[in-house]
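You will see two complexes here that share chain A, one where it goes with chain B and one where it goes with chain C.
Up next, the complex of A and B:
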């Protein structure tokens, strides 16, 4: 298994998940994510794991969360319309603090849109798609190789922080082939959820002191714990009539990520240290940006890239530090300007924000970005 | 002193229940507790899954593993639990709206898969928690808060729906006959496959009040007139069954393979390749 292999993004997500210990997959066929389901259906039974094709996406994420409560490392994969259907139960995973992984292979447009071409229209759906204030970790790989490693990291973060983690791929990354170095199992860091060791009668499945993550039992291993989608105290049972308990419970969901940003955040900087033009871009299109940066640098333009790999929580400390040194912040993305709205928060009146957006189902080419750089420098 | 079955299965600190006086949910809950106890299941290995609605709150009071899920979704969550650990005894408590309206798709596909879950549909003919609106099981012409001129939607028969979709154990019980109700739930738990128990229950403070059915004892007594056991119903002409509710075991079949067992075969096949 280890060594160099040529894989597609969808294959890399599947193999990364298996390397991380995925033993349960439930999904519903949807272009351009289907190959993740197909490969899972072939490989999981070989390892004694479960593949289930559910009746819809609501059921898929529900089964994934249910399986996780019984101890499984569970994942689903979908695309925009299916991702919308999953939002309802995703909120359950968040409030009930159940680890699981969701891969959203982004395609173009709202509704059926264009099912076979790439886009980045789900940046905001991944952040605010489900209702209520909620924590979210979203990872955006920009290569097949990262599709592999970030899917592993998605499982690790979900197990460490007891929360659903979303990986945003896109239709091109999903289907393009690249070399991936598959490491030996011994080289991988695999995180599994902490299990309780206390007497079952002392078990507090949702203790949240100092935003530490409570150990999570599996149904059936002797802890008769209770899981609910209602705001709950540390025992898991509803508290709906005490404002301070509601506050503590909900604050923990946000606080458990806020207090561990250094561990969760990951980003790449490319020639950004002295950049007067700072490009913000995530996912596959960031590679076009890099190529444009190299060409512009050859002409003496001080331009660089900040690429959040953890899109949410957005790595704002580092981004705002780099922003402060730039004259122009340029966002490059395949949507109408979702990252531009993020960047606007950090851009002062004496700086320029230049969104480069392209929403036609094709990857933004380096020339387009290069031209935009020349326009603003 | 011998421990009472309720001491083993209830969380006394969570009582009293949030249910209205005269509500049938308590009777269904005790039937589930007695059925679980008689089944011999280890409470550590029992997972009770519910959705949203008055009856779904029952999981809050049970001293088993509990998964209180989203509206309409308990069967989908329970499917994941059972597949991740087929050794668990998984019981679903759901209401008529939770199961046959918003959860209708999960319900029919659970029946089709024949996965080993026991689904107790607490059927009180209306949405109680939201204040008494009509549900897919509200009888035609009945009064609810959203059918103030009488319900104009034909109702589902939960048992026919389950049988048609392929459930391999289908029965109806009534809160008025708690021992019979316990027995069909017990048979459902013992049955290896997808079991559906339509548990007819009374919503006294909403459905009963809106339809002028009297107080709780009066509502219960109407079942003496309204309910016909299956064996007797089979001897009666169709016109004699108009407006009646037939109860008993409609389907009890081992003809179809249970889903987790079938999947174990898939694993064997995959590992041979």
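Up next, the complex of A and C:
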């Protein structure tokens, strides 16, 4: 089915996942993510994959992690309330280093909030929703095309780094249709986890020298390994009484991403090179920022955009370099100012931080951003 | 946003095929004509009845804001849709198309307002009132700048199995002819 197609964001996530090799989906329906489950339930069985309708979100992420240990490329999709319920097992996937993909289609929160409108209130939840220091990769597409390509990248990163990867969509992106170029399979780069080739007696499922990623055996391959949520050494067994082993384990979880930032980070700069006003914005609303930037540039205002596509780990090296040249840093976001808290880390006392936030279930218009630009320039 | 930026809204009540119209027009403009498109749909919990709409933006450049800001074209297939969905349209240059038998009151200040008995034409041409939205698509391909007649016709046919092509072509061509007669 290559070529241009008109797809919704939810359809693009599903087709991206299938292109990446998804062969297992477990989920529980929730607005505005339901169509991902719906389309997966239709397409997976036709391709020899498995769709499981679960009893709730706790079971959904548990099934996804379990399927991945059996070798599946597994995904679930949910929205805020379900994302909250998945946090506990998400950290299980992180410490046990199980690749999987979770799509959170953001709606207005907190709690049940407003099910049918977009928001960006889960930026911080995607970073710190589960307890303890943990590795996290979060990708934020801003178009239906990117919903397709970033879901593929989510699978690739999860397989490469043996960790759950989260894609943050939103209620509008999920349901709007745009043109997506579906590439030929031969054009896609698909990453699959390394499998052990050693003698099963010598298999160390969590060897972590130099933060290299240990090969992962699938249950049934003939390798015995212990999968646990307890801090473990390279054999997988608990190390609760050995401080240096606890340190090494945690250091590896964080270090395996930190040492590969160049591969993981992704961002877009739009007219940012000489920007005196630097806008930080992610997701669909960043497109309104682009329109505002074009209008302001036409009036001679030096304003530009830094858009993290990989929101976490935050691409701080490039952002801080651009920040250093700016007089004002502005965030454009559909929450109370979560990106502003990130930006504050990089803003000096003589610079201004101006959050443009909107929490009313609508996408911020270019005019609102344009007005804010004129106020600060 | 370029000069080719064009905003369309298809409003009616649940069951009249407003969602399908959005899909067809997006296909026509985006795939057949290669434009950039953004399509948004909005509907209540009702499967039948209740106002619903789909909204399409077409442009030769990337569309940044996904919602309509000032519709250039509005279709109203019910009085409720006409009352609910015309307030923000371009009065001066915008085009309003209504189903002449289902919409009795149209805003007086819209300069280019056309009334065509879309549902009656559907009944007469195909014996199937449900094809009224395809009649409308024929008219829209003539009255709007969203996508040209050939592109919309091809997109309509791509949506239906071959055994339904003759019926839908009939509906489409009748709608296009009715619109041309008004110009």
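Criterion: the second predicted complex is superposed on the first by the 377 of 377 C-alpha atoms of A that agree within 3 Å, B and C clash if a C-alpha of one lies under 4 Å from a C-alpha of the other, contacts with A are read in each partner's own complex, and residues count from 1 in each chain.
Convention: contacts are C-beta pairs under 8 Å (C-beta built on N, C-alpha and C of every residue); 3 or more make two chains touch, one makes a residue touch a chain.
The structure presented is a predicted model; accordingly, all values stated were derived computationally and were not measured.
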| item | value |
| --- | --- |
| Combined model on chain A where chain B meets chain C, clash or fit | fit |
| Partner chain in contact with A:229 - chain B first, chain C second, else both or neither | first |
| Which superposed partner A:31 touches (first chain B, second chain C, both, neither) | neither |
| Angle, in degrees and to the nearest 10, that opens at chain A between the C-alpha centres of chain B and chain C | 110 |
| First (chain B), second (chain C), both or neither touched by A:238 | first |
| Chain B versus chain C as contact partner of A:357, first or second or both or neither | neither |
| Chain B versus chain C as contact partner of A:366, first or second or both or neither | second |
| Greater residue coverage of chain A in the superposed arrangement, chain B or chain C | B |
| First, second, both or neither for A:52, with chain B first and chain C second | first |
| Contacts of A:70 with chain B and chain C, given as first, second, both or neither | first |
| Touching partner for A:176 - first (chain B), second (chain C), both, neither | second |
| Overlay on shared chain A, then closest C-alpha pair between chain B and chain C (Å) | 16 |
| Chain B and chain C contact sites that coincide on chain A, given as residue numbers | none |
| Of chain A, residues touching chain B in the complex | 24, 26, 42, 45-46, 48, 50, 52, 54-56, 58-59, 62-72, 74, 88-89, 92, 218-230, 237-238 |
| Chain A to chain C touching residues, read off their complex | 4-6, 172, 175-179, 284, 287-288, 290-291, 362-363, 365-366 |
| For the chain C and chain A complex, residues of the former touching the latter | 1, 22-23, 26-27, 30-31, 34, 36-41, 62-67, 69 |
| Complex interface listing, chain B residues touching chain A | 14, 43-45, 47, 49, 59-60, 63-70, 73, 76-81, 83-85, 87-88, 105-106, 109, 263, 266-267, 269-271, 273 |
